[in-house]
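Here come two complexes built around chain A, the first alongside chain B, the second alongside chain C.
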Partner chain A sequence: MGDLNSISLDCGRKPEHPEETHSDVGRTCELHVPVAEGKSVQQTVDLLHKKLEQLSAVKQGSFFVDCETYHAAGPTSGQPPKLLYVMHNSEMPLSCMAMFEGGPCLTADANFDVLMVKLKSHFQNAKGHKVESRGARYQYCDFLVKVGTITMSSSARGISVEVEYCPCVVPGDCWNLMKEFMQSFLGSNVPELPSVFTAKPEGLYAPADSTDTMTQYLELFSKVRKQQVVPGSTVR
Partner chain B sequence: MADVMNVGVNLEAFSQAISAIQALRSSVTRVFDSLKDGMKNKETLEGREKNFISEFQENLQAVNRDLNELERLSNLVGRPSESHPLHNSGLLSLDPVQDKTPLYSQLLQAYKWSNKLQYHAGLASSLLNQQSLKRSANQMGASAKRRPKVQPSALALPPQYVDDVISRICRMFPDMTIELSRPNGTSAVLLVTLGKVLKAILVMRSLFIDRTIVRGFNENVYSEDGKLDIWSKSNYQVFQKVTDHATTALLHYQLPQMPDVVVRSFMTWLRSYIKLFQTPCQRCGKFLQDGLPPTWRDFRTLEASHDTCRQ
Partner chain C sequence: MEAPPVTVMPVTGGTVNMMEYLLQGSVLDQALDSLLHRLRGLCDNMEPESFADHEMVYLLKGQQGNPFLLRARRSLAHLATPWHLRYLGQPEVGDKSRHALVRNCVDVATSHSLPEFLNEMSFRMDHEFVAKGHIFRKGSLKVVVSKLFRVLVQGNTENTEPLSLSSLVELSVLAPAGQDTVSEDMRAFAEQLKPLVHLEKIDPKRHM
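The block that comes next holds the complex of A and B.
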């Protein structure tokens, strides 16, 4: 399964609601879970749900994260066009994130989408490049777990798992604890401390906004986007 | 029928008594019916009167007979409400829907539980009364009889002295910041911030810590009107647990003659939470137990363990 079996993982912190940015920052970690051999994406998701429920995690509604890609139109002679990603997260229904590839990132009101339509002479929506992850949200003690199916042009491409340990604000501090938790339902798929943290200066303490989390989803989505659709039973 | 005997009710007599009541009511009705109908048509006035009186007498006798029967049966029925330890609520066991609603067995459980609670509370209070270390002003006064040369009472220390003690403690622990405020008169309220892990609010009475509440580093410690919120508990289970343990610690560290030592010991203990999310349990070696990190800190060794692992 090539790329599907590789794990991409990143961590960050995010607020639960944009209006009260300081009230519920936590530490999140998303990873791309390999689909078990001979199983479909849906079967693997069901398996994860079952494992979480065995831990007596409580299902708490659903979530989604989506990402649209825009090409910057204009005099980019020779260079490949710059890409702009516009993302939404159901945890922050009033906001919208816009990120340049490798460049600045901004958090805007949800009606930023309308602005993008007005700017279509500068940024063209790359139709068919919309990637999203949708799934169930689980609460277990102070952990928040989101298991999502990543889809691109209505085909399931993989599974994302986001784990957040809400009481802790310093990601590196609770890494071992989170690892132990993830092992309890992901088995051996748990990765090592992501480089994003070790690379961050000042004790890994990021400002209380959601950019870290969204950056991680973006990286996950880029990986999925590049991945070839392999015909076969493992991916539908 | 075992239950029935237990509650002291003779069901047989009970049902007979009910029929007796019915009989009594109908005989009484007959008396008034005949009175209402009055004298019936007979040839002679004498015959009419005679007939009416004998009918009236007969009816009254029937009432009398039924009343006696009821009285006899009511003695057989027994007096459930007084013979049963649960009094009238014991009658719940007679409820035929008992199989569907476990009300009676729950009642028994609650009864047993409250008895036990009362018993243990009694034991605890007699034990506590033997201890010389007292917290409240009244008890301080009582113990003063035994130790005549008690200090002017540690409850009436000048605020300046309290400030000095706190600032000295603050200097001892660089990873801890303590903000002292006096929102309600002379009593101080401390807001302790421990690294980037937790915030604790300590409500003081002089140099005694009266109450503590622990919340996450990212949680609000101020209520909407900008005052320190000393009541709402943390949203996180881990800090609710730590709050419980901190309250236990307040009761553990007691030395009425040297309140500053108590505050210092408590702060030393609280400081051991600096690695709350980084330390595995010293007993089982794991980080998580039921989704919680090791929240307990031993009062002497400060060793970290899960609440369930510490015994």
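The block that comes next holds the complex of A and C.
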């Protein structure tokens, strides 16, 4: 698994050390995770669980986030086909979120998935590109931590760590606190403030529609997808 | 909140294969009050709900075949409520034993970024209108009486004029595919509105 274990989310730095890193996301927060050298994804996840439990974080069930990719069919006048992503998050089980990379995003109810089936002659589902992260959800005081194994085509590709500091919606104001908390179990692998927050003029996290969280997962998943570039492979 | 176990999560969410059973008719403005009065008596005992909606019809043209049509609706009276995105399939009108038009129907509630998002998906707005009226219910039957207004300047819902001197009356039921018995109930209900309004199974293709 070596360097596949790692992922980094765009938290403002490049993954110079592919073996460590990770993802992030959060309501007001972000996160990240290091993968220990020589360990598998599962071993690293176990290690993180252990560290969280040592902090006396309480395990509260599981979570998942998934992302389907759709290709726009039809003439695109020389440009690469547009990619539409449809994501789900167990934190919002009745919703789904549709996004274009860097473009508008739409929060909808679960019937949007049915609509995409109707639209199949215009938007084709790239089944092999489905990425998901599943794992355990921990609560530690006001923090929610979700450690997930990222899989694509049923192979483990890395680890995501989402840290959310629930009482605050201004990421800049609680970033130092989050950073300190993350250091307690991630050590030196703590990311920078995610770009999704630095780019916003008002700097507010939008918990109502979770767009900020899902944007970060999308960035992370895009990196995971790019790790596996097989020349000549076709997408269906 | 615990997520459901992996094995029971459907591949896609939502309600698959809902059908809309529909009867349509119209009533002249002069007779509107009598119809509303009759509906108040026939329908469930609730305050009739009135609405003012702005509907935009979007088309996505592919290389072949018919364009894909979606309807985006928003409430002008409650601006904070979600937008309503609706897909309607090809109507089935041929079956004489069925008393209503039947078509596949997908209703999606969405955030307010819908127009921008549809544009990014390459949909283009074809036409728009404003509908104002009242909704009544009787069990699963829904009766919508609405007056349609032409939008004179694109996007400006303040500047409209009535499309005709009558109101559209629609009786509909949403049900899973195959429940044709609902069309019997609809016919029985429609009988009670005669002669104020004649609700019929109208083939939209005949009017194009």
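Definition applied: the second predicted complex is superposed on the first by the 188 of 236 C-alpha atoms of A that agree within 3 Å, B and C clash if a C-alpha of one lies under 4 Å from a C-alpha of the other, contacts with A are read in each partner's own complex, and residues count from 1 in each chain.
Basically, a contact is a pair of C-beta atoms (placed from the backbone, for glycine too) under 8 Å apart; a residue touches a chain by one contact, two chains touch by 3 or more.
What you see is a predicted model, and the numbers here were worked out from it, not measured in a lab.
**Student:** Once chain A of both complexes is superposed, is A:Val117 in touch with chain B (first), chain C (second), both, or neither?
**Tutor:** A:Val117 contacts chain C only, not chain B.
**Student:** For A:Cys141, select first, second, both or neither according to whether it touches chain B, chain C, the two together, or no partner.
**Tutor:** The answer is first: A:Cys141 touches chain B but not chain C.
**Student:** Tell me the contact category for A:Cys166 with respect to chain B and chain C: first, second, both or neither.
**Tutor:** first
**Student:** Thinking of the overlay built on chain A, is A:Val58 touched by chain B (first), by chain C (second), by both, or by neither?
**Tutor:** neither
**Student:** When the two structures are laid over each other on chain A, which of chain B and chain C touches more residues of chain A?
**Tutor:** C
**Student:** Find the residues of chain A that appear in the contact set with chain B and again in the contact set with chain C.
**Tutor:** Correct list for chain A: none, the interfaces share no residue.
**Student:** Quick check: in the complex, which residue numbers of chain A touch chain C?
**Tutor:** Where chain A meets chain C, its residues are 60-64, 72-75, 82, 84, 88, 90-91, 93-94, 96, 98, 100, 103-119, 121-123, 134, 209.
**Student:** Residue numbers of chain A touching chain B in their complex, please.
**Tutor:** Chain A reaches chain B through residues 22-26, 55, 140-143, 165-170, 173-174, 176-177, 180-181, 184, 203, 205, 208.
**Student:** Per the contact definition, I'd like the list of chain C residues that touch chain A in the complex.
**Tutor:** Residue positions touching the partner: 1-4, 6, 9, 12-16, 60, 62-63, 65, 68, 85, 87, 89, 104, 106-111, 113-114, 116-117, 120-122.
**Student:** Could you list, by residue number, the parts of chain B that touch chain A in their complex?
**Tutor:** It comes out as residues 196-197, 216-220, 235-239, 275, 277-278, 280, 286-288, 290-293.
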